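A short worksheet on the structure shown next.
Every chain is named by a letter (A, B, C and D) in the order it is written, and numbering of its residues begins at 1.
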Amino acid sequence: MSLQKLIDGIAPSVIPLISEGRVADYIPALACVDAQQFGMAIHTVDGQTHHTGQSNTGFSIQSISKVLTLTLAIEHHGRALWQRVGLEPSGDPFNSLVQLEHKRGVPRNPLINAGAILVADALLDAYDDPIDALLTLIEQQTGTRPKLDLEVAASEKETGFRNEAMANLMKSFGNLQHPVEQVLDVYFRQCSIVLSCEELACVFAFLANDGKQAGTEHTVVSARRARRINALMLTCGTYDRAGEFAFEVGLPAKSGVGGGIAAIVPGKMALCAWSPALSASGNSVAATEALRLFAERANCSVF
Amino acid sequence: MSLQKLIDGIAPSVIPLISEGRVADYIPALACVDAQQFGMAIHTVDGQTHHTGQSNTGFSIQSISKVLTLTLAIEHHGRALWQRVGLEPSGDPFNSLVQLEHKRGVPRNPLINAGAILVADALLDAYDDPIDALLTLIEQQTGTRPKLDLEVAASEKETGFRNEAMANLMKSFGNLQHPVEQVLDVYFRQCSIVLSCEELACVFAFLANDGKQAGTEHTVVSARRARRINALMLTCGTYDRAGEFAFEVGLPAKSGVGGGIAAIVPGKMALCAWSPALSASGNSVAATEALRLFAERANCSVF
Amino acid sequence: MSLQKLIDGIAPSVIPLISEGRVADYIPALACVDAQQFGMAIHTVDGQTHHTGQSNTGFSIQSISKVLTLTLAIEHHGRALWQRVGLEPSGDPFNSLVQLEHKRGVPRNPLINAGAILVADALLDAYDDPIDALLTLIEQQTGTRPKLDLEVAASEKETGFRNEAMANLMKSFGNLQHPVEQVLDVYFRQCSIVLSCEELACVFAFLANDGKQAGTEHTVVSARRARRINALMLTCGTYDRAGEFAFEVGLPAKSGVGGGIAAIVPGKMALCAWSPALSASGNSVAATEALRLFAERANCSVF
Amino acid sequence: MSLQKLIDGIAPSVIPLISEGRVADYIPALACVDAQQFGMAIHTVDGQTHHTGQSNTGFSIQSISKVLTLTLAIEHHGRALWQRVGLEPSGDPFNSLVQLEHKRGVPRNPLINAGAILVADALLDAYDDPIDALLTLIEQQTGTRPKLDLEVAASEKETGFRNEAMANLMKSFGNLQHPVEQVLDVYFRQCSIVLSCEELACVFAFLANDGKQAGTEHTVVSARRARRINALMLTCGTYDRAGEFAFEVGLPAKSGVGGGIAAIVPGKMALCAWSPALSASGNSVAATEALRLFAERANCSVF
């Protein structure tokens, strides 16, 4: 079966699941998104694209941005980064402070909130304007500079007391170099970037292609780093359901509370599925099932 | 033996212990205090006073202030306060976030940092300027309006990331009503109040006297509330050594990292001992031993 | 008001509260106790006794026994005991393993389950038959050797997996000297002792009388140790409601899931109140309120 | 480069690392193993074998057995198993009781100790003699029935208080169906099985071959279940270093404190490396590095 037919066949199976989830409602700008949307896009390592549903609709990428800031931070800091943030799945909800206190301000991994805040701090060592660097990285892949949803960023800042708490706790242990407000400003803005499934599949394609941009073969990161980022996505990319996601889907992936999930089939393609309604774990119900069906039907689990 | 002789006899026994402790050094303004100081003062319910050593030297009362803000908050909020803060000893270090997260932003008791921050928030409901109310309460007892050490308050604010983290965590659970910065401003300033042993013994005398000012018999709080505040001091007043303090000393007491400890002999007197060098638990080594010797020799343990 | 009138007046106030609680039902032998019972007894330091309600009905003393085994263990081991068990309130439910693991097998205090199991182990160093020693201690106070409820002991053994878990965890850290089964056998049997309110008030009177048996003035423990045991009862005696109990009642006390609570008015008397229905915290609802009313009306809080 | 040359080249690189580790010493039978050993073996899906070093020396497979009991338990219980044990990496040391208590007796995943004890209990539903079933499964792959090291099993039983604690804690929550002693007997015996690298590579080959025995193509488990077991190995197979192992090596693997690590290259081969000296995390230092070098040089990371 062609990839196009395959993804066309997935939408009808997963759309009924939307009603089992709930759109993120902790800020108004996310809460007002229409739940009844689903899109999916593929970008292969040889530059082919396939899409279905609302694959061209922009959404708030939220935590999916953590993979991209991590990519920039690894390029700048190399192994030194791992003195300040761990590599292990957390076993706790994404925003828990328990482990952060126990580990004396060293976040468990770079894909949970505390870890991504640490990465934002690390980017402030590397760039005067980390958001500019991030937007440039994305633009280099897609050809278009994405927009921030400043209303979302402002809302998150106003209500982001838990993230404030984590940043201050890391700061109290000396693991943040820059002022908390400056670090959180980067963090909240990176989360507010708006991209579509098609754009995200394109942006993530380098992780399926040994670190090289699909099509141009321009090197974004080394093959080894691409593999390592994929490993982190697999073990830590879907909040405290990473084990279940690996078990059911079997692909490196990163989800966001905007309802998107970007996934990698190493050596073959990047995918993005999106649907706003989330399960209790914070992962999109329909997008998770879409990726599960895809991996099963395309027989492309990494396992 | 007279009380005066008794306390005169204590100083020589405890001064050698100073070298076992360490002056609080998390902010310069505290770190530069000379460790080799010891003072002790008594204020009886019939208005007699006794003192020994550097009993007239002012020091940063720090966490001892928590008893006084609690007194004001109970007067204003009554039982409603206990919806927002617990009554139980914590079993964790004074600044841990673990229980605070587990209990969804409700601090374990009002005498640990998180609890005192919550109490500061509660005072902002009651007073336009809680520090003014606190200074007035103290002035009503001593006749003198105490000074704040603004250098200490500023230092604590600059380095108080852990307290920022706790305040933001409570805010994230909706348990703080006022802006974090405003609440912490009250908290850092209350901790910076400067009082001597003699003044603190005088200020705390109402807790030994059924809530009434010793001498004037002016009611500060009801007898029932005075007893309850004493109970909280006994179970929660000396960081995570409250059990040991009750076991060894047997008096309600509240310590601060400035090296002071205020204690109550119900029905008889308030005491304050002070010496800057702290044990690992944050309680003054010499002041703890001074109170232990006093309770033993005066046979005045509540048990 | 005379003590007799005072306690006679308490029963009608607290009996309606029985319906708010629930009889312990984790073993059949406890679950079948009639909830609608209440008794209270006083034993003063000069040997007077007062009682009301079903004060002569025997019940399973359960955790109240922990104070008595602690008394024996302190007499035998002295300060060395505190190398193996702490002095601090736990802040966790009575049977949690979290702190026990964190503290590497050292229970937080001797009045939680893990601590009492440790004390049972310590008694096996001191006595060939610790239960015999315990029964002898009780008999020395009351003149009657109490009975064990062997059905209760057997039931607890059969279902006591949580206690097995704690004992094994302590054993894994090398903090138990004797075989787990032998230690738990002591523990389950001590909990199954049957005493009435009158008998318990008599047994506990030495803790109100500087360690001496009320009446005979025979020394059970030194005055200092009696005070320390009282301190532990106050800070750790009523599960994870010790802070609230100190706040509301203000007396050293130890509760058991059989519905009894023994309390001390230092220098004056021991009391025991009993009613089988428990609050969620494991303390008898009616007995707690009876002690609160008594302390308030007799104005005998230690604070 | 041929696989044979590749693994021949690895031994000299990793043998110097042995001195950085320490042989497991919690039981004498393991402590006396000579640390200076290293072996490695490959078993491809088309039945080819390659080996180097002490690849034919038997060792205690310990926790590697957890994958095989899990295989049997999944076959018997299907999805119902996941009501009783989770799928998530733990974020805590392999033998922590904290999460087990927090999750009310449901182990975090089947490859940590508590999870494997749960799986042993589940096997007692399925088999009169689970060890016989396990030995048969192994014999079906290798042609030889392996031996148990009964001295190891007996030693572990005598000193396995932590495992006793976990089993009793699960039992207290009703998550073990069989008597603790019976369950632990299975667990300790499964850990004591003795196999060589060559045998383990052969036994694990079905997980690389869509669940079918390499060579005979006899179905051990479905392709889907093989993938899922691989996913669990990747996210949970190397104690609390699973994230780092995925990051550095990129293969599903299960380690044991006997020094062995079995790994899977999906669709291609199973490998086993062995060397007794362990890092602090409990994984063999030299075997981990051997697998890392292999994945890098053979370019066979799943990512």
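Couple of notes before you dig in:
The rule is short, and it goes like this: contacts are C-beta pairs under 8 Å (C-beta built on N, C-alpha and C of every residue); 3 or more make two chains touch, one makes a residue touch a chain.
Note that the structure is a prediction, hence the values are computed from the model and not measured.
Counting steps between touching chains, the shortest path from subunit B to subunit D takes 2. When you average the Cα atoms of each chain and compare centres, the chain farthest from subunit D turns out to be B. In this assembly, the C-alpha centroid of subunit B lies 32 Å from the C-alpha centroid of subunit C. Subunit A and subunit C have CA centres that are 55 Å apart.
For the pair subunit C and subunit D, the distance between C-alpha centroids works out to 47 Å. For subunit D, the set of residues touching two or more other chains is empty. Contacting chain pairs in the structure are A-B, A-D, B-C, C-D. Taken in their complex, subunit C has these residues touching subunit B: 86-92, 99, 108-109, 224, 226-228, 230-232, 234-236, 240-244, 246-248, 250, 252, 264, 266, 296, 301-303. Chain contact summary for the complex, subunit A toward subunit B: residues 96-98, 101-102, 161-162, 164-169, 171-172, 180.
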